[in-house]
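As written, the chains take the letters A, B, C and D, and residue 1 is the first residue of each chain.
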Amino acid sequence: MSDERELAELTRLVREFSTERDWQQFHDPKSVILALVGEVGELAELFQWIPADDAVPRFADEARRARAGEEIADVLVYLLRLADVLGVDIATATRRKLADSHRRFDPAVVRGTAPEKR
Amino acid sequence: MSDERELAELTRLVREFSTERDWQQFHDPKSVILALVGEVGELAELFQWIPADDAVPRFADEARRARAGEEIADVLVYLLRLADVLGVDIATATRRKLADSHRRFDPAVVRGTAPEKR
Amino acid sequence: MSDERELAELTRLVREFSTERDWQQFHDPKSVILALVGEVGELAELFQWIPADDAVPRFADEARRARAGEEIADVLVYLLRLADVLGVDIATATRRKLADSHRRFDPAVVRGTAPEKR
Amino acid sequence: MSDERELAELTRLVREFSTERDWQQFHDPKSVILALVGEVGELAELFQWIPADDAVPRFADEARRARAGEEIADVLVYLLRLADVLGVDIATATRRKLADSHRRFDPAVVRGTAPEKR
């Protein structure tokens, strides 16, 4: 177990938490995505009315930062659970995606310009 | 660097990717949350019309699983970026949240019952 | 005013509600979208752990249906607010979108088949 | 039919569109919410990297405003569909919610202050 990497470990902890409560029966992918959406909604609510420039300083306050951390953690928990029920290796998928983004977005071309969605 | 844990490493890789493109200027928390919402939307679209019971077998197909992995990775990338700009240690926040859930949801009480939101 | 159509009327009521509280200052589009995301999250949470086939019968219960109605209303309120601050005529946009969908999805071709997102 | 109000009419048009394609079979509430999340994601992507103060002027451009209108329409279409499958009268629910908000948020108390979510 000493070689277990962090995302695999957290995935296992979330799986064990679910199994101990016999909650894996509720964790079909669509349900887990809805739960993820619920947590993303709670995250959005923390920031919705704060002026954009003010968000970082406002959340420098320890209690608020901890509050944001809780909502971020909730999103991660469901994201790990989703990857797990789908048999997706989230660490590998993320490294692959980053490598792909390095290829797609050449700094010489995109520097300082936000890619626009249309 | 050999002691760097996985979430810290991925967070650093995402940060470096952003800095190399001078994109950190776009990464105020509200904007990053909107980008996260965009990726969650793409994830939802993959599953929306698939019967709930059919989602896991359908995504056992290698190409589809890779496709789901890409969207899950995109969500994780923005979640790491958000934690980073807020100064949240996502690994610590997640371990703390799991410990808290262990306390809140006693298996003897909640086993087999989905906690209902009202 | 007697010719005012329903979406225009509701848009006006939401605008007046905001103005009376001097809240229009918070209603830049990105903030309103985050508020919308928050309400979509609350809607998702109502359904997340309910078996897909069971959602309609479960929400036939009057109190639950009213609860779902509240969350649906919250989403609509922010959607109307967003359209209003952007100067989008939501009724016209929706009729146009439906006409466009009629053209894009020929019943003879798509009948009984969910369009798949890739 | 001449007395049909606008939201009821649009709800009926969306229902007929679905029935003509035999798509009502896919429209259980959880699936429709996931489709709604997909459209909210597309809406978020239009705005994600635009500076908050710049969003309204940027979308004053006719093509962009039409683009935002399309995404707003897509969200409304799925919201109407969801209300319909749940038997929720969205117009009544929205008027009730607004009346409730008038009671909860006294202008004399909340004027100029964004209610904070915790």
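By our rule, a residue touches a chain if its C-beta (ideal position, glycine included) is under 8 Å from a C-beta of that chain, and two chains touch if they have at least 3 such contacts.
This one's a predicted model, so the numbers in the text were calculated from it and none came from an experiment.
> Can we say the copies subunit A and subunit B touch using the same residue numbers, with more than half in common, or are the two sides different?
Mostly same residues: over half of the interface numbers shared.
> What's the rotation, in steps of 5°, that superposes subunit A's Cα atoms on subunit D?
With C-alpha atoms aligned, the rotation comes to 180 degrees.
> How far is the middle of subunit A from the middle of subunit C, if each middle is the mean of its Cα atoms, in Å?
26
> In angstrom, rounded to a whole number, how far apart do the mean CA points of subunit A and subunit B lie?
Between these chains, centre-to-centre, one finds 2 Å.
> Can you list the subunit A residues in contact with two or more other chains?
Residues 26, 30-31, 33-34, 37-38, 40, 42, 44-45, 47-49, 52, 114, 117 of subunit A touch two or more partner chains.
> Give the list of subunit D residues in touch with subunit B in this complex.
26, 30-31, 34-35, 37-42, 44-45, 47-49, 52
> Show me the residue ranges of subunit D that touch subunit C in the complex, using the header's touch definition.
Going by the criterion above, the answer is residues 5-7, 10, 13-14, 17, 20-23, 25-26, 28-31, 33, 36-38, 40, 43-44, 47, 50, 52-53, 55-56, 59-60, 65-66, 68-70, 72-77, 79, 82-83, 85-98, 101-102, 105, 107, 110-112, 114, 117.
> Which residues of subunit D touch subunit A in their complex?
Contact set of subunit D toward subunit A: 30-31, 33-34, 37, 42, 45-46, 48-49, 51-52, 67, 114-118.
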